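Next, two complexes with chain A in common: one pairs it with chain B, the other with chain C.
So, the complex of A and B:
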């Protein structure tokens, strides 16, 4: 069965900070098909993580969420939902920091068993067995023994696997990943990415993966959305975006990342700093830092225009982009 | 929509990762510094004395013998007798049966009340927080001892009133400490994860928040028992605590004070009893702090 699983339209997150309204997520729209893996890339403060958390209502109490969120929980097509509707059903999340993502006062087996006990009506014994199954599923060796351990007895990679097992315990159709590999060293990072990729295919589970690391996103995602200053500036299939960015920010992001075996050893930083959400520039928000900026950029309305099948960009002058120094 | 496919388990590549040295749940007890055990020994002795007072005390602590008042220590009366001829040694032993329960209850009840209220205030926020913490402000606005005196007068002298007064007063400290801790833990990822897993508020509070903030109460509690015991002795010394003729250390110090130049042991020994208990509890408290706050 295909069709959209999640539809986010004009998502807006507003904070009331001492009487001033700050909008770090300003009109984000996304769709996600069943089983699809979408990557959201952007700098710190671009609003990527806030966008992700507003999908399941994990924002602080002083935040207001606007826009339309729809999710196909048990239906053919997505319908509006409240975060509480999908808690424990349909959507799970994993976090960046495996140190703080596991309750230090609970044995990991008990932690994983919580979801099945609550939502599947399993008894203690049954839920424990289910927890061990899940630990085996995420590749934890000798799960029977490790289920009785405390989080501090496990390595970072194992903790991350426990977190994934916990997230999977409610059998989600969508797994939100908030930079789950950033805190891990590269070899473990690779294992976790491989695991997520495998689980995704096996469980036909959609993924939204937020990261600033383009290489990680390239490895796991089908489609990419690039965020800048609270807005999505470009979307498209991963390979196409990498090969031929249609927004100057995407291009700048890629040239500022070292790549192994690259033809050029020049790294080009992006001039200036990301704008302060309290004071976004008018028009295209990247214009002040953009090499290709024209007069009319500062007056441009934000609009994602289709430039090729499956590809959109917010840039009004995509024809000016030279490509990646071929 | 059918339910998501059941996971298949075969073929997951085993991952070999180095195991950290298993510490096990007894690790915490092994980590306790020696002073905790010294403290536990001292406090256990006090508890034993309180329990066994009727067996080891040579005399009835209330038995008056005017003919033999203010006697010096002898083999018969190890610590002499007081102004009414009662055996001081027996009274010191029996006083443990009064001071210990009041000290412990007067610290445990506010610890329980304050911890629960602070956790509720921090976890639920909004009006729950406002009501609880403004009440705490009101309690704290009164000078502590004045508040206890007023309450004891209002409720009538006696152990029960003192415990109630301590509870009304001392919960505030726990509420503040725990509220702050809950505010910190409430936004940790594992609490968020529990929320996303669909756990109800009360379960999140009980399983994911509470066990991770309770350390602070445990660290503070022993020093609060010291405070409660000292406060009880102070009030009894002032004649506001346990009414006579019950043996109580503070009241005994007050009784012995006029005779400090002639019968120095009369006031000093009950005083040392309080100091010893305070020392034992302080050792426990300090040790807990080292072990739990690392």
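So, the complex of A and C:
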């Protein structure tokens, strides 16, 4: 079965902050094929987590969601859904902090068994066995013993594996990952990334992987979406985007990462701060920090234009980008 | 947690505290102006009479000796004799303690019955109309002093309906329950607002935690979410809240027993203090302090049992 699994059109997340409306996610559109891995990169505050939370319906109660969400749960083509509908059905999520994401007063085996009990109609015994099976699947040694443990008795890496097993317990077709390795030691990070890779192929699961870390996204993902100030500014296959960024922000992100050719003393970061959602600049929101900015940029409407097959950019002057190392 | 485990360690911590309490209570006698002998022997007593009384009370001994004797007596349950009635303080307390235990017990029960549902609903319906109503009622309850609430209940409920007695205590279980209801309700109205407010805040912080998102993401919702993901996490802090409130409740009992003419410890303390009956005052104070320490200790132990991060058994 091919075709789209998820279609997000013009997603908006609005908060009412002391009578003022702020829209930290402001018109995000993306599509995802079955089994595909999409990476979302962007600076802190660009709206990555809020986008994921809107897709799975975990926004705080004071948020309003706009736009169109479609998901193909056991269907040929995606159909509209209300975010809360997907709880336990086809979409699940893993978070950055494995300590706070696990219920401290629930044995980890019981947590993993919740999904099978609720959605597969399994009895206690059967669900417990399923939980142990899932723990084995995510590479937790001696799962029978560890299922009886509390979260605080496990290391960070094992806790994140428990979180993954919990997410898998509802047999998702789409797994949302919100920086799942950021809080872990480097060596553990690689193990978790490897595990996610393996599970993805084994279970033919689609993944949306959010990270600051372009190198991590390069390892895991097929396609990349770059987010800036509540909008997606560039999309394309990972290799192509890395080889030839079509948006000045993507280029700036890459030069700020040492593994992308720049030596450590060239590690400049991106000058200036990302804009505050309460005060987004007009036109192209990157203009105040952009090296290539032209006069017409501050009047440009946001629009992802196709620049090559499978590639889009929101920059109206992509031809100006010099590229890296040339 | 060491060799003694959590409970053992907490018990060991309590022992020096108890000695401290006894010391403070003992000091009350030392620092209170006035001559106990004169109080016992009466205004017209001769100097020789006074000396005799002092000798019999051991007041001529050094303070240290007196303290040693006091600790020894207290450990044996001997709290001395009332200056007024000449009866042993321990037996006076024994006669009165039942009333206060009833008042506290029923009061706490009502506090829990009122506060837990209201706190939980308020948190689950945060910023909705029902939450505003509960918070408004809480504010009202908080701003009414206990004696005032008591008087209002007496005038509006007891006197108009005749369903409840307006004072005193009974003999049988049902008589007691009947007599204690309005005073306990007064106590509950005074303390519930604090518990509701604390529980609401605690529940809201639990509801905003990541593990609630995890639970919801896999489809746990409604009462199952509250039961399996919220309550046990909010219970520990909730119990601590109730325990702290129970400490205050004890002192609220002083006011309420007086309002409702209940022959309990609170009323006894007021009578003893008015009569400058120091041994009785000491006895009551000691008992109140002990009760507070015990309540806190129990709450700590229950909280620890509920929290898997504390290894209670080891």
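Descriptive notes on the structure:
Everything that follows uses one rule, which is that the second predicted complex is superposed on the first by the 319 of 326 C-alpha atoms of A that agree within 3 Å, B and C clash if a C-alpha of one lies under 4 Å from a C-alpha of the other, contacts with A are read in each partner's own complex, and residues count from 1 in each chain.
To be clear about the criterion, a contact is a pair of C-beta atoms (placed from the backbone, for glycine too) under 8 Å apart; a residue touches a chain by one contact, two chains touch by 3 or more.
Model, not experiment: these values are computed from the prediction.
Once the complexes are laid over each other on chain A, chain B and chain C cannot both fit and instead clash. Looking at the shared chain after the overlay, A:166 reaches both chain B and chain C. Within the superposed three-chain model, A:158 lies in touch with chain B and out of touch with chain C [touch as defined at top]. Of the two partner chains, chain B is the only one touched by A:191; chain C is not. Within the superposed three-chain model, A:72 lies in touch with chain B and out of touch with chain C [touch as defined at top]. Of the two partner chains placed by superposition, chain B and chain C are both touched by A:150.
In the superposed model, A:202 makes contact with chain B only, not with chain C.
Look at A:140: by the touch rule set out above, it reaches chain B but stays clear of chain C.
Comparing chain C and chain B on the residues of chain A they touch gives the larger count to B. Of 25-33, 61-69 or 277-285, the segment of chain C whose C-alpha atoms clash with chain B in the superposed model is 277-285.
Counting contacts as defined above, chain A residues 56, 58, 60-61, 87-89, 92-93, 95, 97, 100-106, 114-115, 118-119, 150, 152, 163, 166-167, 169-170 meet chain B in one complex and chain C in the other. Contacts from chain C toward chain A in the complex involve residues 126, 208-211, 213-221, 228-229, 232-233, 306-309. Those residues of chain A whose C-beta lies close enough to touch chain C in the complex are 56, 58, 60-61, 87-89, 92-93, 95, 97, 100-106, 111, 114-115, 118-119, 150, 152, 163, 166-167, 169-170.
Taken together, the chain B residues at the contact with chain A in this complex read 1, 3-5, 7-9, 12-20, 22-23, 25, 125, 187-190, 192-199, 207-208, 211-212. By the touch criterion given at the top, residues 1, 56, 58, 60-61, 72-76, 87-89, 91-97, 100-106, 114-115, 118-119, 133-134, 136-141, 149-150, 152-155, 157-158, 161, 163, 166-173, 191, 198, 202-205 of chain A touch chain B in their complex.
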